[in-house]
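Two complexes are shown next, each including chain A; its partner changes from chain B in the first to chain C in the second.
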Partner chain A sequence: MDTGSANAPPPKPPKTSRGRPGGSNLAPYLFLLPFFLIYAVFLIYPVLAAFRLSFYESSGFGGDTFTGLDNYARLVQDSRYLEALKNTTLYALASVFILSPLALLVAVAIRSFVVPTAAFKSFYRIIFFLPFITSFVVIALMFNLIFNNEFGLLNNALSALGLQTFNWLNDERVALLAIILVAIWTYLGINALYFLAGLQNIPEEVLEAAAVDGASRLQTFWRVTLPLLRPVILFVVVQATIFSYQIFEIPFLLTAGGPSDSTLTLAIYLYEVGFREFDRGYAAAIGYSMAIIAVILAAIQLLAARRLDR
Partner chain B sequence: MAGNKLQIRVAQVLVNVVLLFAVFLLVMPYLYMISASFKEGSEIFSIPIKLLPEGLYLENYALLFGETNFPRWFLNSVFVSVSRMVIAVLVSVMAGYAFAKFDFRFKNLLFVLVLATLTLPIYVLIVPLYDMMVTLGWTDRYVALILPFAAQAIGVFLARQYLISIPDEILDAARVDGASEWVVFWRVVLPISTPVMAVLGILFFTTAWNDFIWPLVVMTEDNKFPVALGLPTLLGPYSQEYGAVMAGSFLSTLPIIIVFLIAQRRFIEALTTGAVKG
Partner chain C sequence: MARGLSRRDFLRTGGGAFVGAYALGLAGCGGGEQGSSGGDALEFWAFDEGRANFAKAALKTKEWKDAHGDMKVNFRIFPYEQMHDKLLTALVSGKGAPDVADVEISRFSNFIKGEELPFLDLTDRIGGDIDDVYKPAATDPWTWQGKIYGVGNELNTCVLAYRQDLMDQVGARTPFETWDQVVEAGREVSNNDRKMFALHDIAFGDHYMLSQSSGTALFDGGGNYIGDNEASVAALQFLRDMVYESGIASIAPVVASDNWYPPQYRSAFADERFVALFGPPWHLSFLPTDVKEQSGKWTVQGLPTGLGEGLPTANFGGTGQCVTTQSQNPDAAYDLIRIANLTSEGVVADFEARTAYPAYKPAYKDPALQKSNEYFGGQKLGQIYSDLAPDLPPFNQSPVWGQATVAMIREVVTPVMQDKEDAQTALSDFRQIVEEMKQ
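Showing the complex of A and B:
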């Protein structure tokens, strides 16, 4: 869980209690020590080791051979990797173009039409937050039953409405869609809450001023609300994209990446390559490709946030 | 004008109906999970689907506690999540305090280093980290689930943000009284930090409790599984105890819901203002 701190302002020059004059002050370093010890050993070191590993062929039984950029060259020719990249990208696009607008719509509907009593607010808040704190494992287990071809809730609801049913988890035409539906279910609430917080930040006077000037509700929304919401929209979209590229549990437990790789994601592929086939150098390269995607997305967020500030 | 008012009223009712339906869709899987946990297998797999169980069938729970490793998994999760939470909160607040209230060399550099890893996916380091666990002999040991992820950048970031607003005078008053830096931290800084510690505590507890891929990689011994890793193993080619799995899912979600309900307002506010203020 990230709170968008990536676009935080750089640390201000300290205005502080320094150490006592004259005395050397070790205190801040001692306070930093436990964190940075764990951080260096279990984060920095493995990140660097993975970078090195990504230039080697390594089965984990000794005898690593340096192969230069071979692992990275392999990525662009590996049809399974490309399939995983495609699926993950489709999933990310759905998060951006279906999930995020839907969440905004829900937030606007709540803001404009729900009686703003404390009870209602906390009711929505709790319900919307629940999927976000439920483990992916439990979510996958619940939806496993819901997507069941014959006895699942979804197909039974669809056929009751006279609509077509699908063998959701075993049909390669719809399996990814099933995963996307689960994602929408999982993240709709939390994103609506982000948007709600953004909407509550817009001063009432601004909207009233627009109304006085004769703007319709729709015009006010397009011309006033939406532009003012840009920072939150940016945050939600970038977060959704970053999370999308790392999705693992839901497809791993629901479809194991199948049928015929139609729900294979980058993370599942990395797991298979690294921990089932023990092709560790290549797995490290896949990991780095995922980190590069995350860094690019975070950089876009940072740059766009700077532009918005101006 | 009256017509307009009526229109708004109708729109309000319609939108609320749609919203309530959306809420229903969000809650539905939970209701179905709880209901299925009280159903016999043949009842879960029967048509038409009934939302409420016919009777209170408790065999699933009996099976879960009597014939599976669920109780052990649950306790493993409690131990691992609480331990990781305590360590992570403590080191975060210490480091956040140093960044918020001290001036020292390499301060900005170190802070940027922390920020840089905020969005780093675990996948980039999982292979060498696993190697390290093998070398240390930590596979199938709880410490492998506790220590490696106890230093979370987000913790330092939030703790610093909170502590920067604490007036220096409070700290200086304690120093004038002759308290050492360590005593100032324990007696003054930690008590003041309760709100941010609550937020971080929930955050770290939930992520530890819900962890899946890392335990999947480092734990092989069924007895040592956390609950998130153990539950899916109940659905295999030889067992289709959906009722028991739903019971286990329900019970394993309860602690998270309880912790969350206790501190929900503050927690959601902290997370969502992060998005707004950025």
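Showing the complex of A and C:
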């Protein structure tokens, strides 16, 4: 009987270079600490401070006064806030129902036989992506010229076609439409890339099986491609909604929210209240209302997607 | 078994890190690497290279060198919005503000909201020098409740300027005595391709100038809204009629990023699509630089009568220099402001660099300001502006002035000038909006 092994001490855990066995392993946390410190200082602290501020009357120089939910109650009575909410919502709807389908169309076109060679596919991918990496200031300068009332490219084209021209950026009736057109131009490429990534992940066998079963291209797209793209569609729609409620640069640079608030967005209104009217408490409440709206809409979209999956 | 960091340890460490970060954040917010430079140096914030150079010129004077030797002055130039926003933030946080800052006329009102003002009261320091300036341009816009918090150097006396050659062609009698005569000449000179004036539908300046000339303002001396009085309504109606009744004006080709005189506005003048304008010297300044080929064809005169009191001028625009309460060296900071704004040497240097007509009266004895101007038919503009300056109406500041002028564009100017809404109704309805702002 070999009892040696029964009486032998349990094997020692191997020593590692990370520290003594049994000791707390702090190294990974120390490596992570700088990120969390910076994150806390520059994100969590301002977020918490703004939350506190939203319950105070804090305007001008002098002390702050606690006013409870007054700033939030003021939102529903503020006609400019409601106008900004309406404009932002229209913009978000355009992002979801115009921009996203167009991006899908572009992605499908690039992936399909419409663009025949790999070189062309890469070319179009780059062309569509370029606006996304262009500075907003450059975009604003460019579209100021395109939308110019007198010598702008768009009005010249409309005139040539015998159509009505507009003072695109200064006319209340069409200014928001102009902003939406610029946003579509800017964000079409990045959204198309998301869809392209999704399309590339669809197994070729599935598409071939559909073809073997006699499905037409359109049937394959509706019955196979689109359902398999659902996670990507959900992602694009959720991020389009969230970012739409934060839109600031394009309308601020092109119209500054005007004329007569026709392109005022929630983010521009927040900036105006915070820095032009210097009402910091109310501006913080507007910021939190934007966050709440974005979270609620994203939650609704996620729930709807889950229900569709069942 | 190797024990990793327990959840409790992690929370404890994380909590400690967060508290540390929070403290760091507080310290960071109050950190003063930028801002007031301490007792042996000055920090100056500006939003325009030309204005920074104006202040820099003061440092080269014998007076500054004798008093402050080689004191270092650190100039920082930011874009307009950014500079004012940063200044507000630094002053609210209590640290990081400069010693001296340029504050544009429409942004000053933000700094007088609340019980504490973040700028030094300069009234006593200015002392007797106040008699040497045209107050509506030099100090009124930076004055609140009788105390002066800033000094500006630009004399923004508004005038009427027009193409003399074209007025002569149509037989108009100039200089114009009344606005009726202007409209009459405008009818003669205007056609489908050319109008007398380019009037703004996304800027408040046109109405602002004409209502002052009519003897009224947006606010009275007590900060109460008076913009809906008869004279103000008549001024707005007159502007509207020039576009839609007499047809002597079109809506100015401007954009939101420059709602006053962007390149397309200037090129329209170069193309002779507009042949007259009214505005302050800074507005007229684009003509000699951007419309060079019309040199010698323009004439300047005071504003005609026929609207309300018919004052021959109005005040529009300006930027003042203010000393912040965070300054560690307010004496040197004020000296810089004084030498730049309240000495002939300082303001003449700025005139020669930027053609900024000064609000400092004695400077007009300087030959540089008495030269005839070839572009404007040999007229002595310095003489014209200084002759008009005593008629400048006072500027009544209000904590909501800037906010109200922005709202005025939205609620009054655009609806009336673009949508042809009734001037009386728009200005009356605007009262409610201003009252809400003041609450």
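Just so we're on the same page, the second predicted complex is superposed on the first by the 270 of 310 C-alpha atoms of A that agree within 3 Å, B and C clash if a C-alpha of one lies under 4 Å from a C-alpha of the other, contacts with A are read in each partner's own complex, and residues count from 1 in each chain.
Please note the rule applied: contacts are C-beta pairs under 8 Å (C-beta built on N, C-alpha and C of every residue); 3 or more make two chains touch, one makes a residue touch a chain.
What you see is a predicted model; the values in this text were computed from it and never measured.
**Student:** In the superposed arrangement, does A:E277 touch chain B (first), chain C (second), both or neither?
**Tutor:** Second partner only.
**Student:** In the superposed arrangement, which partner chain does A:A73 touch: chain B (first), chain C (second), both, or neither?
**Tutor:** In the superposition, A:A73 contacts neither chain B nor chain C.
**Student:** Where does A:L93 make contact in the superposed view: on chain B (first), on chain C (second), on both, or on neither?
**Tutor:** Neither: A:L93 stays clear of chain B and chain C.
**Student:** Pick one for A:N149: touches chain B only (first), chain C only (second), both, or neither.
**Tutor:** Only chain C is touched by A:N149; chain B is not.
**Student:** What is the contact status of A:T255 with respect to chain B (first) and chain C (second): first, second, both, or neither?
**Tutor:** second
**Student:** For A:L193, decide between first (touching chain B), second (touching chain C), both and neither.
**Tutor:** Touch status of A:L193: first partner only.
**Student:** In the overlaid three-chain picture, which partner chain does A:F61 touch, first (chain B) or second (chain C), both, or neither?
**Tutor:** In the superposed model, A:F61 contacts chain C only, not chain B.
**Student:** For A:N25, decide between first (touching chain B), second (touching chain C), both and neither.
**Tutor:** Both partners, chain B and chain C.
**Student:** Report for A:A267: first if it touches chain B alone, second if chain C alone, otherwise both or neither.
**Tutor:** Touch status of A:A267: first partner only.
**Student:** Which of the two, chain B or chain C, is in touch with more residues of chain A?
**Tutor:** Of chain B and chain C, B contacts more residues of chain A.
**Student:** Which residues of chain A are in contact with chain B in one complex and with chain C in the other?
**Tutor:** On chain A, the residues that contact chain B in one structure and chain C in the other are 25, 29, 36, 42, 45-46, 60, 140, 144, 148, 150-151, 253, 275, 280.
**Student:** Which of the residues in chain B come into contact with chain A in the complex?
**Tutor:** 11-12, 15-16, 18-19, 22-23, 25-30, 32-33, 36, 44-49, 90-92, 94-95, 97-99, 101-104, 107-108, 110-112, 114-115, 117-121, 123-132, 147-151, 154, 156-158, 168, 171-172, 175, 181, 185, 203, 206-207, 209-210, 212-213, 216-217, 228-229, 231-232, 235, 242, 245-246, 249, 252-253, 256-257, 260-261, 264-265, 268, 270-276, 278
**Student:** Once bound in the complex, which stretches of chain A touch chain B?
**Tutor:** Touch list, chain A to chain B: 1-8, 10-11, 14, 16-19, 25, 27-32, 34-36, 38-39, 42-43, 45-47, 49-50, 53, 60, 106, 109-110, 112-114, 122, 124-131, 133-146, 148, 150-151, 153, 156, 185, 188-189, 193-194, 196-198, 201, 231-232, 235-236, 242, 245-246, 248-249, 253, 266-267, 270-271, 274-275, 280, 283-284, 286-288, 290-291, 294-295, 297-298, 305.
**Student:** In their shared complex, at which residues does chain C touch chain A?
**Tutor:** 1-6, 9-10, 13-14, 17-18, 20-22, 24-25, 28, 81, 84-85, 88, 91-92, 110-118, 201-202, 251, 253-257, 259, 264, 399, 402-403, 406, 409-411, 414-415, 418-419, 437
**Student:** Would you tell me which residues of chain A are touching chain C in their complex?
**Tutor:** 13, 21-26, 29, 33, 36-37, 40-42, 44-46, 59-62, 140, 144, 148-151, 167, 169-172, 253-256, 258-261, 272, 275-278, 280
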